[in-house]
Structures are given as C-alpha cells and as structure tokens.
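Look for chain A in each of the two complexes below; its partner is chain B in the first and chain C in the second.
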Partner chain A sequence: MGISHRISRRKFLGTSAAAATALTFPLPAFAQAAARVVVIGGGFGGASCARALKQIDPKLQVTLVEPNKTFTACPFSNNVIAGLRSIEEQQFGYDKIAAGGVTVVAQAATGVDNAARTVTLADGTSLGYDRLVLSPGVDLRFDVLQGYDEAAAAKMPHAWKAGEQTLLLRKQLEAMDDGGVVVISAPANPFRCPPGPYERACLIAHYLKTKKPRSKLLILDAKDTFSKQRLFQNAWKELYPGMVEWVSLSQGGKVNAVDPATNTLITDFGNHTAKVANVIPPQRAGRIATSAGATDNTGWCAIDPVTFESKSAPNIHVIGDACLAGAMPKSAFSANSQAKVCAAAIATLLSGGTPTAPKLINTCYSLAAPGYGISVAGVYQPKNGVLADVEGAGGVSPADVPREFRAREADYAQSWFATITAEVFG
Partner chain B sequence: MASALINVPAKAKRGDIIEIKTLMSHIMETGYRHTATGEVVPRDIITSFTCRFNGTEIFRADLFPAIAANPFITFFTTATQSGKFEFEWIGDKGFSETASASITVE
Partner chain C sequence: MKTLSIILGVATIVASNLPVLAASVPPPGAASCSGCHSAGAAASVSRLYGRDAGEIVTAMTGFRDGSVPSTVMARIAKGFTDDELRAIAAWLAAQK
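Right after this comes the complex of A and B.
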C-alpha cells in the first residue's frame, strides 16, 4: 500500500523540485544581447525545455523548432488503437508556448553546424545559437529488419509514433475477422517506452476479447525480460486467459525479417503469418542528432548526466528519448524531468555558474484494461558519469492487490496525462 | 526446463550450402560471480555442442564461461544426401540435451 499514492505525488514533486532548483541560480545579467537558445523538437522534452528556459530567465531568446503544428502524444495512444479513446484527445498545439514568449518556428531543422553555432531550416534560412537543445525523439530504423522499410510500415504498422500509424493499426484491427491472429514484434533495448509493447498487447487483447473473442495475440520479442513483466504476465493470465502468448528471445522470438506481401514475420526458427502485424522496429536518435555530431556508434546520444550536454558536441544538449540517460527509461515523464534539469543547467552555464548534480524522477503508468492500471517509478541521480537509480526509491505496483487498487492506479494514470500535458502545452 | 530450438531446411539440392541454426536455453553461470554474502556461485555452463549427420560428427564446439546465456550456434554445411542431423549439448551438473531433424536432398 502506498506506492501509488507516493507516485501520484511525485509528478508534482518533479515539477516543484526542478522549479525550486532553478530559482536558486543567479539570473544572467547580460550587458550584450540576450543569450540565444534553440530547441529542436516540440515533444514532451523540447516543449518542456523551451518553456522552462523562458520561465527561469525571461530575457533568454528561446526558439522552438518543430515542423508539426499539432503534437500527437504517444502516452495513452494504445487506448486509441484499442478504440477506447479518440486521437484528438492526444493532440496539442503550440499557441500557449508561443504566448509565453517562446518563438515557435514551424519548420524542420535540416542540419546543425556546431562550429558556426547555426541550425539550418528546411526553407534554407538559419538560426544562430549560444546553446542548442536537441529533443528529436526517435527515428525508426528501416535498415535492420530485412524487408521492413517505410513502404512495409504502411502494411505492417509500427504505430510507434502517434498519429496516422496509430489510426492505421486501429483500422486493421477493426477490419479483422473474428479468429484472426494479431502479432506484435517487440525490439531489443533500448527503445522508446519500454512497457509500451506490453500495454499495447493488453489493450488489443481487451478489444479482441470484447469484439472478436476467438482471436489470438502473439508477441514475438527480441528480449528475455521486460518492464513490469510480472504484472503484465499476471494481467494476461487474469484478464485474457488463453488469448495472449509471449515468445521470448530464448524461445526464438526475435524477428529478423518480414514479408509485407504475406504479412509474415520471420525468426531464426520459424515463420509467423499474421492477420494484423504490428512491427515495432529497433530505433535510434532522431536524424538531426547525427547531423549535429551528437550520436555515437549506438545511434544514441551520450550525455553528461548533470547538464545533458553532449559528450561529443560541446554546447549541444540532448534530452528525451534520443539521449542515453543511464537507468532512466525513454518516456514522456523522463523527457519532461530531463527538460527541466537541462533548462536550469543551461541558464546556469550561460550566467557563468556551475550546475549542481540533479535528481530526476520518472513514472510510467500502463493500462492492462480500462480501469486496471499498473506503474513503475524511479528516482535517478548522476553516479560515476551516468544517471543511476537511487537505491530504495521508486518501485513497481504490488503484485497481489484488490482490483480497487488497480482502478485507482488507472485514475492516477489519467490524472498524470492531464497534468503533464497541461504543464507542457496548456 | 531446458529446451532446444533448431532450424534445418527440410529440403535442399545436392551440393547446396545450407545454414543450420540452434538455440539452447541455459543460464551459462560463469562461476566467477559471488552472492551478497560472498559465496561463489558455482559454475554451470554447457561445455560441448556436437552435431552428427547420419552418425558422423560434422560440427563440434567447446563452450566456455564467457559465452552468454542461451547459446545460439549457427553453422553451414553442404547437403550431400538425405538423412538425419542429431544435436547434443553437454554441460556441468550432468546437463545433457538432444534434438534431431531430417533433411531430404534431391
């Protein structure tokens, strides 16, 4: 008892802790023009960071570069796939952020010249910066699973970036006859939203159980363990007996190739033909991070855990899914926590100060069914050059609790989404 | 519960080079780890993998503590005639598992 109560407060703690830290830094006093900070990427990380920078120091010139006029959030998008929620409830605009004094540029960033400290935009113009923040999220890799390219994704959706792909997967499920087999292919670590594939399995199973009860769901996994594993596996047994099957790496679950013509997923030990195939491919940091020289040979961005400054590209900070944040998972909550810490560090650095070691928080809620929530929470701090778990803090939902407990966690999940989206976009 | 996964083509043409894939579930405990109280966790690994075709050994591998859990071993051979592949994994604590698969060569 108590874990979820503590979790539900943490999101507020996260906000107030970062804000309190920020206020202790001296505000920069510029004799010259105000410092320029460019933030690339208007998701949970970038939008939070742009806002936080302006709140910490209203004199900063903060520019947010994001080509999409509307942001479609990934958290809760599995509910859209399952027909439990509309996509519009996932969508947010940038008007309030602009009203707060952030210059919002609705263009794609196409390149970074860190020597010249400029960002090139799609229309050929450029923006100068003193500090650059990259929050580009993930790029799906279309060069790893043989046969899985962008054309294949139109047939076998990944639905790992919320929007059209989310709706495509939903339509395919709606069009499937009762008795069909749905296959989810889950990637190896690291990837965006570690509990996501398993929450998705739950909510698709909920849809199937309700509308197409003779159907089956198969998860082919490139891992032997996953986030909140015991809770998810208990939920599959309890809520969807005989419907969900998980094939781990050591049982031959790793998908190596796909054939979109036949909707077939190919592993080292067999072929699985699906009526609906959801292929979640391996991922890497968004492309602009490579242009900026901030990615390493893993395809992700190594960062300093105090400032989130890139280890390979000075003056460039990387937050959110694109960075290698040690023990922190790639989640919206992590991106938001990192954004606040990064904004405070940048304000300090621009005023000639030395940032102090932060503490960061993450919570991930998942729904196993409507009204059935589970969660994992963690607290992190720099240790030996990486962000490490603070021992004894956080934890996962308990295994054996009454359904009322799960119902409360489902409510907390809703509150969390309302709170974070209001803070970032509202 | 140990379990073997094998992938041998069901058919091949004579002279074809074929790939054989195997995966054995096993913890591959190195023997170099200690518990919280300082006791050594005893070594428990697969030490040998063998493949025979129609009774003749065609592939063998010795395994050591540096090899990760659930060893995934693949190799190539030439399809010469129809017959049966037999696989055997032997290890510490009396570990012994077998599997087999047939191929038709035309």
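Right after this comes the complex of A and C.
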C-alpha cells in the first residue's frame, strides 16, 4: 500500500510487468515516507479534518497542531452564560484523536514557510508538510472599536471564544442587581456564528426574566438585518415582552468606541452605559493564516470551493471560520462539513486524482429559551468559483408552528451537539 | 522519470489501491450527514450508517415532496437530485 501510494502520488504511470523487480531497487528517500499533512487548529474544523484524513487514508502522516490540551466548544456556550449548563459540558480532549493515529502536537504554530513547506512551532522546531490545512478560527480584532483592546475585554467580555470569557460574562450577569441594563454589541458581517448574538440575547433574557425581571437587554447592532431575524424577533415579543430592544445600524446601533472605565458603549447617536456590557468585536482569520499568505485584504481566506485550497497559497487548504466559503455561514456544522470534504480532496490529490465538485450542508440551531429551538439550514455547491446556495433548498424554521415544533428543534439541537462532538472528539 | 516509472511498474498496485480510496471518498453531500446522524444521536434522530439504502432514499424523497413531515430535513432534501440521493444512500448503507 505504501509503495502504491507514493508512486501514485507522484503520478507515475507504467506497466505491471516489472513490479517484482522494482521492489528490489532502492527507492529515493523522499519517496519512502507517506505523505505528510499538517493540520493547524484543533476546533471543529481542524480536529474533524485530521480524523477524516486518517480514516480515508490510514497511511497518511497526519499531525494536528493545537496549543490547548482542552477544547472548549462555542455552540451551547450561550447556555453556560445563562446558567443553564456547565462549562465542563463544553470541554473535550484530544486523546481519542491521538489514539486513532493522528500525531497531536500541543504547541502553537507561529509561522508557515510555504516555499519550504514547513510550519514553525512555538518551541522553535518545525514540521514539514506535503499539504497544510489551516483551521485557525477567528482572531478578535482589537484595533477597530476605539478603546476595545484585550485589557478592555477583561471588563467588557466578548465571550466569543468559549472558556474564561464565557464564565466572566456569566459572573457579571450573576453579580448584577435586578433592574440593570445588559448591552450586547453585535458586529457587521462576516463573523463567527451569525445567529449567536441573538441567541445570546434570548438566553440572557431568559435568565433575567427568571432571576432579575426588572432588567433590560439592549442589542446595539452594526447591521440592519441578521440571521433568523423574524424568528428571533417573534421570540423576543412572545417570550420576553418589553425586555429586549434591538437597535439596528440605521437606528444608530453601530458601536464605534467603548470606555471600559465606565462600561460605556459609544455610537454616532449617543452613549449607552451598561451594568453588563458584552462587546462582540469584528473578527478576521486567525493570524497564522496571514503568516501562511492565505489571507486577502479582508482579513479572511479565499479558497477553491472544490478543494478548499487557498487561492493565494498553493498546497495550503483553509477550512472553518477562517475561510470565505461563499454562502456557507461560519458555524461548527459548516467547519465539520468542510473538513470532511477537504480531507477527501486532499487524499484524492495526494493519490494523483482530481477531486470532483462536492455538495455541503449546514444546519445551525439556536435556542430562544430552553425547549424552544429554531434552525437555519442550507445546501451548497461550487458555482462561479464560490460555494453557492443550491436553489430551492435551505431556509429557516417556519414562523407559525405550534410550540411542539420548537420543542423538537430544541431536542435536535441537543442531539446535534452530542453527535458532532462524539464524531470529532469521542 | 518515465524510465523509472516503467521499471517500478506499479500499475497493478495502483489499480488495486485507487478503488479502495475511491470507495471511501463519499459522494457529494454524504459526508455532511454524520454531523447529526451518527453515534451519540438522540433516539429521535435516525442513525444512517449501515441502514438500508432504499429506506434512506424513500425517507429523503418523502421529506423533499412533503409527504413525510419534518422540521429541517425537507429544507435539506430539496438540495439533492434523485441520483444524488441514491448515491448518498448507497454510501451510507456501506458504512459501519
């Protein structure tokens, strides 16, 4: 298998007549190793891809580079903020992935030299690759909202990477007196988890309604429309009347600056002082993508929609939140779908084949309250160089359905989380 | 290189290898299913690996035309042709 693999990878063609003789020849050293694929980033995209590569072609040398020993998942972390779930239920390790034959390197990748095909690690050592997969997620931009830097995030949490920030926002809500104002600042597109700020508003409102019913929640938005908008707005009216207010871009919702000393958010139209301020800043691809030459002037990574290979850095594939996946939203489900398509494409490329056009699916559930789920789904295929919606498919949950329908979608949401985390980490 | 390739003469091995790889590469759309429909799923969500291909096709065409009620599956099934659904079902049926 090893011989066939390396030969086919090098696109050798020949007859079988001399096969027995061939095996007695010393082979060049470079041909003796199985192909090396390095995956940077151990989230839903990277961990899925590393596993899928090994499943598709067990001979591949797959290395997963991820500095954190424990992964803390973002989906369902809004439940943690609302006190409905423990952070431990969000956490997963890499032992099973390593046991499946993936080499897990618990270090940060600090640089990529694509000419030399090497990744530099934090300890100064390097890893060579034949194909590199980047799944670095997002970096929060601390250079856009005036006053919002990493120090400010310790006072006005973003909670847009799950972990300490999630717990900080939860503690602030718990410490707030009844009657306080909670402000969420939502960024312009594109950003990780498009329905996330609005699900968060729902679940924080659920907490307030239950524990601190005189409180208010204000969403200051840099957009005029958002994911599952009608369903969320209906839920706010139905479940949290008078509690949730959404201020759109055109109504002056765009936050330009913050003052962490006073917990104030500043728009063109005025200042809003919060008891608890959740500032979700603009984002970009994780910085290793820039080191690799895979980001464009938007800060995100343009990719080929068949192989997820970077349009600017050959042999480097980008999946998950960091890539510009056309109509596909930046979600864990998308990252997992993309990871499996990318892994199959890489295995095909390394064996000398030509990947064929894929189809991908996304489904994102949000909870408007415990037992009240809504969803958006889509099916995607390459069209004119990008991943486009398959016409006639996809869309959001219906607006007028009995609560039983919402309960089923809430059940499916829980089931999805259990299933996908089992597939990726279990 | 050509000479070397002829001497190495690995066509038979290549031929025996490629179909294995091809068989494990899922048809368009199939890889996405396991996000919801594999081990760990609630009892209310079907597990699809190893399931009868005909049952999968019947369910998907039913979701697509609305004759089988669903929450999200109709929206997904509408993204696939009959041929695509058959290929996906056959691949899922062959998985363990």
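By our rule, the second predicted complex is superposed on the first by the 395 of 426 C-alpha atoms of A that agree within 3 Å, B and C clash if a C-alpha of one lies under 4 Å from a C-alpha of the other, contacts with A are read in each partner's own complex, and residues count from 1 in each chain.
The rule we apply is simple: a residue touches a chain if its C-beta (ideal position, glycine included) is under 8 Å from a C-beta of that chain, and two chains touch if they have at least 3 such contacts.
This one's a predicted model, so the numbers in the text were calculated from it and none came from an experiment.
S.K.: Who does A:Gly100 touch here: chain B (first), chain C (second), both, or neither?
M.R.: After superposition on chain A, A:Gly100 lies in contact with neither partner.
S.K.: In the overlaid three-chain picture, which partner chain does A:Pro213 touch, first (chain B) or second (chain C), both, or neither?
M.R.: Neither: A:Pro213 stays clear of chain B and chain C.
S.K.: For A:Pro67, is the partner it touches chain B (first), chain C (second), both, or none of the two (neither)?
M.R.: Neither partner.
S.K.: Compare chain B and chain C by how many residues of chain A each one touches, and report the one with more.
M.R.: Result: the larger residue contact count on chain A belongs to C.
S.K.: Have a look at where A:Gly179 lands relative to chain B and chain C in the superposition and call it first, second, both or neither.
M.R.: The answer is neither, since A:Gly179 touches no partner chain.
S.K.: In the overlaid three-chain picture, which partner chain does A:Gln381 touch, first (chain B) or second (chain C), both, or neither?
M.R.: A:Gln381: touches chain C, not chain B.
S.K.: Quick check on the superposed pair: does A:Gly111 touch chain B, chain C, both, or neither? Answer first, second, both or neither.
M.R.: neither
S.K.: With both complexes superposed on chain A, which partner does A:Asp57 reach: first (chain B), second (chain C), both or neither?
M.R.: Touch partner of A:Asp57: chain C, not chain B.
S.K.: Taking the touch rule as given, give the residues of chain A at its contact with chain C in the complex, in rising order.
M.R.: Going by the criterion above, the answer is residues 1, 3-5, 7-8, 12-19, 21-22, 25, 52, 55-57, 333, 336-337, 340-341, 344, 347-348, 351, 353, 356-363, 375, 377-379, 381, 390, 392-395, 397, 405, 408-409, 411-412, 414-416, 418-423, 426.
S.K.: Using the touch rule from the top, collect the residues of chain A that touch chain B in their complex.
M.R.: Of all residues in chain A, those touching chain B are 224, 249-252, 268-270.
S.K.: Contact residues on chain C for chain A in the complex?
M.R.: It is residues 1, 4-14, 16-18, 21, 24-26, 28-29, 31-42, 44-45, 71-72, 75-80, 84 of chain C that touch chain A.
S.K.: Touching chain A in the complex: which residues of chain B?
M.R.: Against chain A, chain B makes touches at 3, 5-7, 21, 23, 25, 69-70, 72, 74.
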